[in-house]
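The following pair of complexes shares a single chain, chain A, combined with chain B in the former and chain C in the latter.
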Partner chain A sequence: MGQLLASSADGIVVAAILAVAAMGFTLQFGLTNVINLSFGAVMTIGGFTAYLANVAHLNAWLGMLLGGVAGAVATVALGRGVLRLYARRRTQLFEMMMVTLGMGLVIDYGLQAISQNAIYGYTVLRGAPLRMGPIAVTPIEVGIIVMALVILVAAEAALKFTKLGKALRATAVEPSLARSCGIQTGRVVLITWTVSGFLCGIAGVVYIISTQSVDYSTGELFLPLVIAAAILGGVGSIRGAVVASLVMGLVTEIVAGYGGAAYSTVAGFAILVVVLLVRPGSVSGGAEDRQLVL
Partner chain B sequence: MNAWGFYVATLLIYFGVDLLSGISLNLQFGYAGVVNFGYVVFQAVGAYAAAVVVLGPSGGVASFQQYVFGARLAFPLDLLVAAAAGGLVSLAIGMFSLRRMRRDYQAVVLLIVSLIAIQLVSADVPLFNGANGLTGVGWPLGQLLGISATSSPWIYAAWVLAICAAVFVGVTWLSRSPWGRSLRAMRDNEAAASAMGLNITALRLQVFVLGGAIAGLSGGLLVEYIGAWSPGAWGYAETFVIFTAIFVGGVGNYRGVVIGVLLVPVIFLEIPRFLPAIGYPGLIDSLQWVAIGLAWMLCLLFRPQGILPEKRLRVGRPVGPPETAVAPAEGAI
Partner chain C sequence: MVKPRVLAVGAAAALGAVLAGCGATAATKGPLVVAGVIAITGTSSFEGSNQYDGIPPAIYEINHDGGVLGHKLVFKGVDTRGDPADALPAVQQLLATSNNLVAVAGPDTGSAPTIVPVLNSAHIPMMAVAGESVYDHNTAPYFWRLFAPDSANGIAMGLWAKQKSFTRVAAVFATDPGSQGDLPGVLASLKALHIQLVANISLTPDQSSYQSSVSQLIQAHPDVIMTESDGGTAGTFFGELKSLGGLVPIIGTLATYTPPWLTAVQSAIGAADMRQDYAGLITAPSKPTAAVTAWDQAVKGAKSKLPVSVHAAQNNPFGVTYYDGMIAVALAMVAAKSTNPVDFNKKIASVCNPGPGKKVVYSFAQGVAALKAGKQISYFGATGLIKFDKYHNSFGGMEAVTSSASGSTIKLGSVSVASIEAVHVKGVA
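Entry: the complex of A and B
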């Protein structure tokens, strides 16, 4: 029982980290309909930015902010600069995913080249763990959970109550109709990329805070979990992404607690595979007519 | 046998193995329309299967490497087992991943399958000796002839290329057969093909399994030359090199695959070996991957149909505007 509680607590922390990334991913995915496989690479960019901020003796929270900004800048640059080129040549939806794959490779290995393939320590914001029975969480982990919840509430509120949120939902459902209603879909996409990129950068920083190191493959290893959580939670659904992250985080950590760390990620992925096996319609329905929104 | 001779022979062997991989992926992607991002798993399965039936019975936990099954089969059973293993695993994976789902989801699922596979194999030591992998794999045909693969690489290269030629001829013949025509019908217009009575699911599965078998065969050939095989050899990134190769050469036709495999894994990835060592050790390797990513992106941007686009068979007079041969299966899922 104690093990279960401790693993569950760890699971919620993992879920929080995953949720921040998944929310950013699903925002982008829900609007543009492209599975952006360079998302992990942008997370790594955010992580490295925070690392450099740390080296320059900047405050750790400022570093996190800068990481988010770096993520936003990178996402917008890639989307506007690179993906636009392909959209102009009327590339299909699924080929766009392959383009983002190529982008991810270039960034990942470019970072490997620049970072000389070394692993850099990032030990900031570590506090002594608070102990409540079998559960041990550090204050920063609690902070991460709080952050994820704040982002969830803010994103849901923005989507529901602001004009921009309505424009985003309209564009996601039917872009041509949204355009004829006077919504500037190009601007909506741009803002979505900025916010999603910001979340991506933040997620990268949060991830390296918990793993205490950063190297070129940081985001690459985390990305499949993020995609799995986003798909499991339903395309474009922020709260779905959070619920899915919770499920995956709990399963991953509980399996790790009982079965060993090696099988934990397998368990996490297996959830997605099982869901797609048993009920493919529930996560992929009505997708044949999805169009590319860029 | 000087170093150059050994190098060129090894290059030829890798060319042959990659050619088989390219043919397999071309079958799965170009014909069945499956984006198999987990391709390397099938090659790995074939390699492990061949290794395990050549190494002899496992010594269990006590010996320095443990694995399941274990036999000492003679040629040609080792390669047949490799191909069968690849086919069986692709059957199992195909059963759940070839359902009607978005192609991008399918790609992600297959990628995840390869990630799961690598984690499982690395963690489960009694299976295939975990992260350390298997070593000491011999070459049964060579044992028959009394030679070893690494001491006579040219003979091994000839052997590999002979198998490649046979597979190439077989696959080209198949693509011209009625079965091949139904494949193209399925790929180009699934709704019409289905309305004509073709069993789409069965066709897709057949192509996927055939691709998997060829991939397994390539793995078997590779492991019998290298003599060792471990999870480090089949990371998910290896799949992308082959994908880039078939895209650059031209998806959907086999001569394109030959050109692509010649250009990408062989020439493109070998050139850095001859560059002067610049920067720190390992810089060239990183830049190689950057270059692969760029090549992939440039190819998709400027010539998505590849160097040798597929020859569209025209029957009678075309009615309406001619279609442009872009990357396949826009009409499918």
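Entry: the complex of A and C
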């Protein structure tokens, strides 16, 4: 029982890290229908920005904020500067996915060259663990869980109760109808790229706080889990992404806790496979029938 | 008008010329290709990048000193991804497209079983870092290993643990092929040395957290951890281990004594704990010799081709091994007066192994000068004495070292070849 509690607590920590990224990914995917495979590379940009802020002796929380801003700038530059050009040439979903993959690799290998392929330590906000019986979590891990919950509540509230949220939902469902109703869909897309990029940058920082290091491939290695959580939660569903992150976090850590660390990721992805088999429609959300919204 | 028969003869002649050019023999004074068959990407890329660091300095030194029999050397990277399934087509493509291929740096542990027979059949000498003990009695004539086998690494780690009176070992190895390659040797040596294994933990590389594995390890109450993984994974794992109060002494394989691993773990646990708790078992480094000076200069000369700093490359035990291997290959070509691998492969051992009347040389330039003077040579490498046995293996004793905060090597003790060979392990592939 003690092991189960300890592993569950660890799973919630992993889920919180995953959820921050998955919320950003699914928000943008749900609106634009772009499977953005450069998301991991932008996470790395966020991580490196926080690292440089730390080197410059800036406050760690300010570093996190700067990481988020860097993620937003990079994502908007990618969305408006690159992807929209392709969309105007009527690039299809799969081709656009390959464009994002290419952009991600450009960023990754650019960072590899700049960073001299080195791993940089990032040990900030560490503290003595808080213990409750078999459970041991550090204060920053509690902070990450709280942050994930705050982002969830804020995003859900914004989508439900604000004009922008309603405009975003309308654009996601039927962009041409939304435009004819007077919604400035271009502005909605821009804001979505910005928010998604900001969350992506924050996710990169949160991730390196947990792993305590950053290198050029940091975000890329985390990306499959992010995509899995976003898909498992249902495309465009913030709440779904969080629940899916929780499921994946708990499964991977409980499997690891009972001696199957080598199979923990396998178990996480096995859930995705089962869901794809049982409820295939819930995954795509009909995205294959939709157009790119850029 | 050209008659069809003449055309056919001309085409056949042209085809023959092309096919002749595709052979392993380098018949022209064009550049000779040295390929790095290493994991450039994938989970074993941390090993591949370490291995790469030795190749540009060797090529720089050889080219700087006039090349090999008038040929310059050029590098070609072949990405194995540490996986035989990826390595095989990549190597087949290399063989099909590189008509002046003379040597390979590699293959690595993960891809060796598939790649060694292919390169051996193609008569391409390879300086491998494949740790599998099956190569302890290697029969492939083109396979060479300047590296301790995994079983020897494992035994050295076990012997060091015994020297330090550790009795409860936890094995923490990542699941990538490179790291897993060392694990059987460690487990077998613990059994042979009657040291208790209290936990055997596998880490999937690059996870955001390893807290469950850390908890599992703490509950096993080890008094030492034996480990290998990439730097990022190790930084996360040992950082969390320290956060949860479970840090105990660490004995790492050779792959841990590399700048990325040391940087990541030192950042995670702090310089003081690193100095106190970590020991890496590495091939005993050479005493300062002209060969080490030549290596240092070659690294400086090739710095624009290296993805890491000069200091990091100079202290990379993988890199220096490949450097020695490539210098030995180049000297063998000069000694054989041929760039045909069938001719010069036979000379690799003879230009390295010591013997009566041989002139000891410490660099490519010294070796070429001695050979031109009609002398037999023994290349004493930057890794130290090179003495290939009949199975084409050469490795010396092991040394336990740690790293200071500034990155300097601090010697903790040594494990002799004799003591390693005295331990008989069973069941190590």
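One rule holds in what follows: the second predicted complex is superposed on the first by the 288 of 294 C-alpha atoms of A that agree within 3 Å, B and C clash if a C-alpha of one lies under 4 Å from a C-alpha of the other, contacts with A are read in each partner's own complex, and residues count from 1 in each chain.
We adopt the following convention: a contact is a pair of C-beta atoms (placed from the backbone, for glycine too) under 8 Å apart; a residue touches a chain by one contact, two chains touch by 3 or more.
Please read all numbers here as calculations on a predicted model, not as lab measurements.
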item	value
Fit or clash between chain C and chain B when superposed on chain A	clash
First (chain B), second (chain C), both or neither touched by A:Ile254	second
Chain B versus chain C as contact partner of A:Leu101, first or second or both or neither	first
Touching partner for A:Phe161 - first (chain B), second (chain C), both, neither	neither
Partner chain in contact with A:Asn117 - chain B first, chain C second, else both or neither	both
Which of chain B and chain C A:Ala228 touches, first, second, both or neither	first
Segment of chain C intruding into chain B (one of 9-17, 63-71, 81-89 or 153-161)	81-89
Shared chain A contacts, counted only where both chain B and chain C touch the same residue	112-113, 116-117, 262, 265
Residues on chain A engaged by chain B in the complex (per definition of touch)	34-35, 82, 85-86, 89, 91-95, 97-99, 101-106, 108-110, 112-113, 116-117, 224, 227-228, 231, 260, 262-263, 265-266, 269-270, 272-273, 276-277, 280, 283-284, 287-288, 290
Residues on chain A engaged by chain C in the complex (per definition of touch)	3, 6-7, 10-11, 13-14, 17-18, 112-113, 116-123, 126, 128-129, 134, 136, 138, 207, 210-213, 215, 217-218, 221-222, 252-254, 256-257, 259, 261-262, 264-265
Contacting residues of chain C [partner chain A, same complex]	49, 175, 201-213, 215-216, 231-232, 235-236, 239, 243-245, 259-260, 263-264, 266-268, 307-309, 312
Chain B to chain A touching residues, read off their complex	35, 96, 99-105, 107-109, 111-113, 115-116, 119-120, 122-123, 237, 240, 243, 279-280, 282-283, 286-290, 292-294, 296-297, 300-301, 304, 327, 330, 333
